[in-house]
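Two complexes follow with chain A in common, the first pairing it with chain B and the second with chain C.
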Partner chain A sequence: MSAIRLRGLIRKEFLQVLRDPSSIAIAFLMPVLLLLLFGYGVSLDPAHVPVAFVVEQPSAATAQFTGAFRRSQYFQVVPMADMPQAEAALMAHRVDGIVRLRADFAARLKDGGDAPIQVLVNGVDANTARIVQGYVTGVWGNWLEHYAQSQGQELQPPAELRTRVWFNSALRSRNYIVPGLIVVIMTLTGGLLTAMVMAREWERGTMEALMVTPVSMREVLIGKLVPYFILGMGGMVLSVVVALWLFEVPLRGSVWVLVATSSLFMLVALAMGLLISIVARSQFVAGMIALVVTFLPAFLLSGFIFDIGSMPTVVQWLTHIVAARYFIAILQSVFLAGDVWSVILPNSLALIIMGGLFLLLIRRSARKRLE
Partner chain B sequence: MSAPNAAPAAGAPVLNVAGVSKHFVSGERRIDALRDVSLHALGGRVTGLIGPDAAGKTTLMRLIAGLLEPDSGAITVLGLDAAREPLAVQAELRYMPQRFGLYEDLSVQENLDLYADLQGVAPDDRPARYRELMHMTGLAPFTRRLAGRLSGGMKQKLGLACTLVRPPRLLLLDEPTVGVDPVSRRELWEIVYRLVREQGMSVLLSTAYLDEAERCDEVALLLDGELLGHGPPQAFTRDVRYRSYAVTAPGLKKRVIQQRLARAPGVIDAVVQSDAVRLVLDQDAAAVAERLLPGVDAVRLQPVEARFEDSFVALVRARRGEPAVAAGSDDGVEAAADGDRAVIEIHNLERRFGEFYAVRNLSFEVRRGEVFGLLGANGAGKSTTFRMLCGLLPPSGGEARVAGVDLRRARARARARIGYMAQKFSLYGNLSVLQNLRFFSRTYGLDRHRSQNRIAWALDRFDLHPVANANSETLSLGYKQRLALAAALMHEPDILFLDEPTSGVDPLARREFWQRINALAEHGVTVLVTTHFMEEAEYCDRLAIMAAGEILALGSPESIKARAAIGGVAASNVEEAFIRLIERRPAGAEAA
Partner chain C sequence: MLQRVWALLIKEFLAVLKDKRSRVVLVVPPLIQTLVFGYAATFDLNDLSMALYNEDPGVAARALVADFEGSPHFHVTHTITRQEQIETLIDSREVLLVLHIAPDFSRELVAGRSGPVQLIVDGRNSNTAQGALNYANEIVLRFNREWNAANGLRALPAHIESRAWFNPNLLSRWFIVSGLIGTLIMLVVMNVTAMSVAREREQGTFDQLLVTPLTPLDILLGKSLPGLIIGVVEATLMVLIVVYWFDVPLRGSLWTLYAGVVLFLFSAIGAGLLISSLATTMQQALMGSFLFMVPSIILSGFATPIANMPEPVQMLTLIDPLRYFMVVLRGVFVEGASFSLMLPQLWPMALLGLVSLSFSAWLFRHRLN
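Here is the complex of A and B:
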C-alpha cells in the first residue's frame, strides 16, 4: 500500500466528480429531489377522503351524525340521494366509500336499540380502505358518546379503550418516510454511483492503463471507496438537514450514533456497488444490476413503505439479505425514539456481518486481471 | 533526468515468449486468440508486432503485461515470469493501451500527476521530468487543457508521456498510430527512436499498418493468432527481392491491367498504385510481358524495390493456399463510358456545429465511374462530409447535388440512388446472412421478384453461399465486409459510399475488396471512399486530402505527389505528400 499512489487515485476521483455533473447530480441533487417529492408528495395519512352519505330519511339524529363527519379533517362528505347513485360514484372513483343511514335509523336509535349503519369501502386500494373503515368507526364512536351525553344518558361501556401513540404521536407518516428516504438515497450513491464509475473505467479503457501500473487492486478499490464514502456521507448530511429543518422530523437519538451507523451502512452500500462493478463492465449493465439489487429492494423490501411484518413469510425471509432493512430500523429508532440499544446493536451487527462478507467477496474476486 | 536503472545490453533479449497459447470463450464460440506463439524482443531495439485486426496483437501485449494468464507456454519479461509475478513485471515495464488510458475529464497536467503518483515518481524529480516530456511531445502550451479536448495526435502523445513518466526498461505500445494523422505518426516514431537511442529503452510496438514494419528493427508477423514470421524486416523483403514491378500499358486502363494481371499465372499480388499496377511475381515466374498480358502491346515492366507488404502477401498466400484473386470478379470489364458527366457536385459546402466548422469551403466534382477518395486523420471532416452527401446531415451552407438531385430539396430521393457501407458494417449480428440481405432489400423497397433476384446475385457474386445461414456476427471480418458491401448494393445504386471500408481487415481481404470495387467502377458505379490508410489512396482515381475541415489538396495521386515536390522531386508516396502539404500550411491554421 503506497500513500502516494492512493492519494493520486483519490485526487483523480474527486477531480472527476467535480467535472462530471452527473455524479454531483446523483450525490446531491437527487437526494433533495427525492426528499421534496416524497416529503411533500407522498403521504400515507388520509385527508379529505371523499365519502358518499346516503341518508334515506333525514332527521335531527342523522344531521348530527353527518355533522360529526363534516367536522372531521379526514373526510369530505358527499351527500347522495340514493344507493344506486352512490354506488355509481364509488365505481367511478369519485368517492372512496359509502356510509348509508337507513330510513329507520332515528327511530331505532330512539328506542335505544341498535341502529345499524352500513359502511361500504372501495377495497381496490386496500390501504385507504382499511384506514377509511377504521376512521369511520372512530368518528362514529365519538359521535355515539356525544349523542348519549346530549340525551342525558351516561353511556357505560364495559371497558374503555384509550389509545396513545408513542414516538410519532401526531401519526405523521412523514416522520418515518423521511428517515427511510435517507436510506434509499445512501443506497443510491453507494451502490449505483460506485458501480457506474467503476464500469466507466472499464468502458473507457482507463482500467487497463491503471492495471499495468504498479498499483495494487486494493489501492484501486480503496481509491474508489474513500471519495464515494465522502460523497455519500455528504448526501446523507444534506438529507438529514432537510429532514430536520424542512420537514421538522424530530431527532431523539444522539448525533454520534446517527453518524456511526450511517458510516457503517455507507460502507455496506459501497461494497455492494464495488461487487457489482466486478461483474458488470459496462455502465448500462452496472446501472441495471444496481437498480435491481440495491435500489429497488431498499425501496420495497426494507420496510421503508411496506411493513415487513405484513409480507408473506417467504418475502420476509428475503428481506433479511436487504441491508437497507437493518439501517431503516436503526434510523427510525434514532430519529423517532432515541438511542434504543436493543434495536441499534443487533441491526448494526447484521450490517457489520453483511459489510464484512461483501468486502471479503470483493477481495477474493477483484483480481488484477482483465478476464 | 533519472537514467533507467541498468539498461540491458543492446541485443540481449528483454522479452521471451515461448509457446504461448490463449483462448477466450464468447457464448458458445471458442476463439483461439493465440496458438503456440514464440518470439523475443531484444534490448535497445524496436520490435514490431505486425498483423491485421484479430491477429492476437492486443492479447499478446496483455499477456506480456501480466494482465492475462496464458493457457500454456511461458513469458519472461526482464527475467521475470509474467504470469507468476505480474506486479514485479508491471513495476518494470510500461504499457500504453490502444485508447491511451487517458482520463478525458482531467487536464494534461492532472493526467501526468496521476501517473506520476501511480508510478511512484519522487516529487523532487517531477518538474524536470515533466519539462522533458512536455518538450518531447510538444504539449507544453496545453498543460491546462482537458485531455478530452485534445486532437487524436495530441492524445496519443499525452498517453505516451503518461506512460513514460518514469522511464521504463521495456515499453509496450498497442497500436499507438491508429487513426492519428501522418504528421503525428511520424513524430511518434521519432520519439520512439530517440528513447531507444538516448536511453537504451526497448520497445515492443503493435501495428496494423504494414508500412510501419519497415521502421522496426525486428518484426513478428501475426495472423489469426499464429506467428507467420519473425526477424528483421529486411529479411522479409529479401525473400521477395527482384520480384516486384510497376506495370503500365498505354492502351489499357490501370484497373483493367490490374484485373488481368491478378489472374495471370505466377502472380502473387497485383494492386493499383497511382498510374501503374504494382505486380509481385511468384518465385519462379518469369517477368515476361507476353505471358502476363497476352495480346497487349507496349507493356512496360519496370522493376521496383520490394516492400514489406509484398512479403506479407506472399506469406499469407502460401499459408492459405489462395489464388491471387478471389472468384466472382467479372470479366468484360471493358470501358464503361468514363469521365462523361459529374454525378456529385459540391460547391462551397460547409457544416457548422455551433461555433465550430466541421467542414468548410468544400468544392469538388466526382464523375461517373470514378473512384474518389477522401483522405484525412480522425477529425479532419471526412465523416461529416460523407454524412452530408448521403443526406444524413443537412449542410449549413453551400450547394450539393448528388445524382442530379439537390440535397437541400430532396434528400430522400437522393438516398434512393446511393448505397452506403458504414464503418462498422452495420449488420444485424444475430440475423443470418440471408436474413440480413432480405432485410436490406426490403428497406430499399425492392419488390418480391427483384428482391429474390438480387439476393441470388449477391450470394453468387460475393461467394456467400457457404455461409448463407450463419449468423453474421460469427463471420470473419472479410466475410462481414463482403456481406456489408452486398447489402449496400441490393438496390443497384449509382453511387456507392464507403466509410473506412477496409480498416482492420487483412491485406488479402483488402485486395479482394478493392477488386470488387474496381469491377463496380468499371461498370459505371461511382465510388466515394474515406480512408486513413495512406497507401489505399493510391487505388483511387482522384483524391481530396482533408485537414481541419478543409481540402488541402485535390487531384490524382500523381498530381498531389507532384504538388508536394521539394526541389523538383515529387513526394514518393501520398503519405509523404500529405505531411509536406500540412507543414506548408501557414502557422496557426492547423486545428489544435
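Here is the complex of A and C:
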C-alpha cells in the first residue's frame, strides 16, 4: 500500500463529492431535515384528543365526571346530544372516541350499583386507540378518588398499583425517538453515500481506467471509505448536537463511548453500502438495493418504533442481521441510562462481527478483473 | 402520437427490465418486505419479559401473580429475591418490568385495607413502557373487581366498559399492513421514474430525445406510463398478500381502492419526474427521491398519527400525496368507506400529480445543460 496513491484516491473522491453537492446534502441536509421533522413532527403521545360526550341525564355527578376530562390535557370534550350524532362524528373522524353516561348513571352511582361508563374508540389506529383507553382509565381513576372524598368515604382498592418508570419518567416519546432517529439517519447516509460510488465507476467505465493504474483494490476500497467516513461522522456530530441542544434529550453516558460506538456503526453502514455497490454494478440496481436494505429495515426491524420482543420468532431472528438493531440498543442506553456495559459490549461485538463479515465479502467480490 | 408514445414506452420498459438484476430488484424485495414488515410492524405487545419479586407467601399475592402469568402480554422470565437484582435486570434490558409485592400485601388485603404493589418499568422505549403500564393497570383493575366480588366487598362506584369500532381486538397489524402498500409502491415507482430521465441525462441521450419528433407530452407519457403499469401490478400483488395472507378485511369496494392507487401513482410519478428533471446525474436523482420519500413516509401518518403533530407540520403534510393514500387504504380496507366519503382524499392527489407533471414537462424543455 502506498500513502501517495491512497492520498491521490482520497483527494479525487473528495473532489467528486464537492462537485456533486448531492453527497453533502445527504450527509448534512438530510440529518437536520429528518431530525427537525421527526423531533417536532413525530409523536406517539396523543394530546387534546377530541372525545364526544353523550350525557343522557345531566346531574351534579355527571358534571363532575365531565369536568375531570375537561381539566385533562389529553382530552378535548365535545358535548353531543345523543348517540347517533356521536356515532356519525366518530365515523367521519371528527372525534376519536365516545364516552357515554347512561340516564341512570347518577342514581346507580349513589347506591353503589357499579355504574357503567361506556367508552367507544375508533379501532382503525389501534395504537392510538389503546393509548386513549389508557388515558381514559387514568382520568377515571383520579375522578373516582375525588368522588369518594366528596362522599366522605376513603377509596380503598384492594391492590394499589404504584408505578415507577426508570430513565424516562415522564414517558416523553421524543427521548427515545431522537436516539433511534440518529441510527436511521446514519444507516441512510452510510449506505447511500457509498452505494452509488463503485457502481458509478463501473457504469461510467472509469473502473477499467483505474485497473490499468498501479493502485491495488485495497487502496481503491480504502480510498472510497475514508472520505465518506469523514462526511458521515460530520453528519453524526451535527445530529447529536441537534438532539442535545434543540430537543434536550439527556446524554447520561460518556461522550467517548458515543464516539467509539458511532464510528464502529458508521464503518458497518459504509461497508454495507460498498458491498451493495460492488454486487450491483449499475447505479439503478445499487440505488434500489440501498433503498430496500437501509431505510425501512432500520425504521421497522430495529426496535426503533416497533418492539422486537413482540414480533414472531422468525422475524425476531431476522432482526439480528439488521445492524441498526444493535446500535439502537446502544444509543438508547447511552442517551437515557448511561454507560451500561452489559448492553454496550454484546451489541458492539455484534457490530464488529457484522462489519468484519462485510469487509470479508467486499474483499472476496472486489477483484481487479473485467467480466 | 400514439405510435410515438408506444415506441418510447417499449424503449423505457427495455431500459428498466432488460437487465436481470433490475427485474429482480423491482419485484422481489417489495413482496418480501410486505411479508416481513407485515409481521414485524406491530404495536401490539406480546410476551413482554418481566421479573417477579414476590415477598408475600399469601393467597392474594399468589392470585395477582397468576393473573400476570396468565396474560398473553407478559412473560415471566425471572423470579428474584433481592432488591439489588432489579437494577441489574432492567439496566441490561433482560426484563422490561419488575413487579414487586411487599411482604404484608395479603395481610393488608384481608384486613380490608389497600395493599401496595410496585411496578418498575424501563422507560427507554416510552411507547412500549406506556403500553406495558396500560396492560398492568388492566390486570390490577380486574384483580380488584374479582377480589371485591369474592370477598363480598363493595364494588367501586363506577367502572368503564370499553369497546372499539372496526377493529374490536385492536390489532395494529391491520393498520400497518394496509399502510405498507402505499409505502412500498411509492419506493419502487418513485425510484423507477426518478432514475429514468436522470439516466438519459447522465448518458447524454436526453438531448437526442429532445431533437426527435417527440413532443414534451409524448416524452412525459412515455416516461410516466412504465411507472404506472409497474405500480398497478405491484399494488395488486400486495393487495392479494394483505387480504389472503394477513387476513385483513377488505370491506370497501375495489373500484374505490383502485381509484386511490391510480391517482396516488399519478402524483408519485409526478414527484419522481420532477426530481428526475432537476437532477443531472443518477446519484442526484437517488438522493433527491430519498429526500422526498423519507419525509413523505414519516409525515403520511403511516406509523405515527398526523393528529399528534404540531399545527405547522400538519400543514406541511397537505402536500404529501402519501398522506391521502393512507386514508384511502385504511378507509377502504378496515372501515369499508364509500367512494364519496373518500373523494376529499382523491382530488388532492390528482391536483398534486397535475401540478408536478406540468412543471416537469416545462423543465424538460427549459433545462438543457
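Keep this in mind: the second predicted complex is superposed on the first by the 371 of 371 C-alpha atoms of A that agree within 3 Å, B and C clash if a C-alpha of one lies under 4 Å from a C-alpha of the other, contacts with A are read in each partner's own complex, and residues count from 1 in each chain.
Criterion: a contact is a pair of C-beta atoms (placed from the backbone, for glycine too) under 8 Å apart; a residue touches a chain by one contact, two chains touch by 3 or more.
Computed from a prediction, not measured in an experiment: that's the story for all the values here.
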* To do: Return the chain, chain B or chain C, that is in touch with more residues of chain A.
  => C
* Thinking of the overlay built on chain A, is A:S216 touched by chain B (first), by chain C (second), by both, or by neither? -> first
* Asked: Looking at the overlay, does A:D20 come into contact with chain B only (first), chain C only (second), both, or neither?
  -> both
* Classify the contacts of A:G205 with the two partner chains as first (chain B alone), second (chain C alone), both, or neither. => first
* **Which of chain B and chain C A:G234 touches, first, second, both or neither** => neither
* Asked: After lining up the shared chain so the two structures overlap, which partner does A:P58 touch, if you call chain B first and chain C second: first, second, both or neither?
  -> neither
* Asked: Which partner does A:Q332 reach: the first (chain B), the second (chain C), both, or neither?
  -> second
* Identify the partner contact of A:P250: answer first if only chain B is touched, second if only chain C is, both if each is, neither if none is. => neither
* Of the residues on chain A, which ones does chain B touch that chain C also touches? -> 20
* chain A contact footprint on chain B (complex, rising order) -> 62, 65-69, 86-87, 90-91, 93-106, 110, 113-120, 146, 162
* To do: Would you tell me which residues of chain A are touching chain C in their complex?
  => 20, 22-23, 25-26, 29-30, 33-34, 37-38, 40-47, 49, 90-91, 96, 105, 109, 112, 114-131, 133-134, 136-137, 140, 144, 147-148, 155-169, 171-173, 175-176, 188, 192, 196, 200, 280-285, 287-292, 295-296, 299-301, 303, 305-307, 309-312, 314-315, 318-319, 329, 332-333, 336-337, 340, 342-343
* Asked: Residues of chain A touching chain B in their complex?
  -> 2, 4-5, 7-9, 11-12, 15-16, 19-20, 204-206, 208-216, 368-371
* chain C residues touching chain A - in the complex, by the definition given at the top -> 16, 19, 21-22, 25-26, 29, 33, 36-37, 39-49, 60, 64, 88, 90-93, 96, 105, 109, 112-131, 133-134, 136-138, 140-141, 143-144, 147-148, 153-168, 170-172, 174-175, 183, 187, 191, 195, 199, 279, 281-284, 286-288, 290-291, 294-295, 298-299, 303-305, 307-310, 313, 316, 330, 334-335
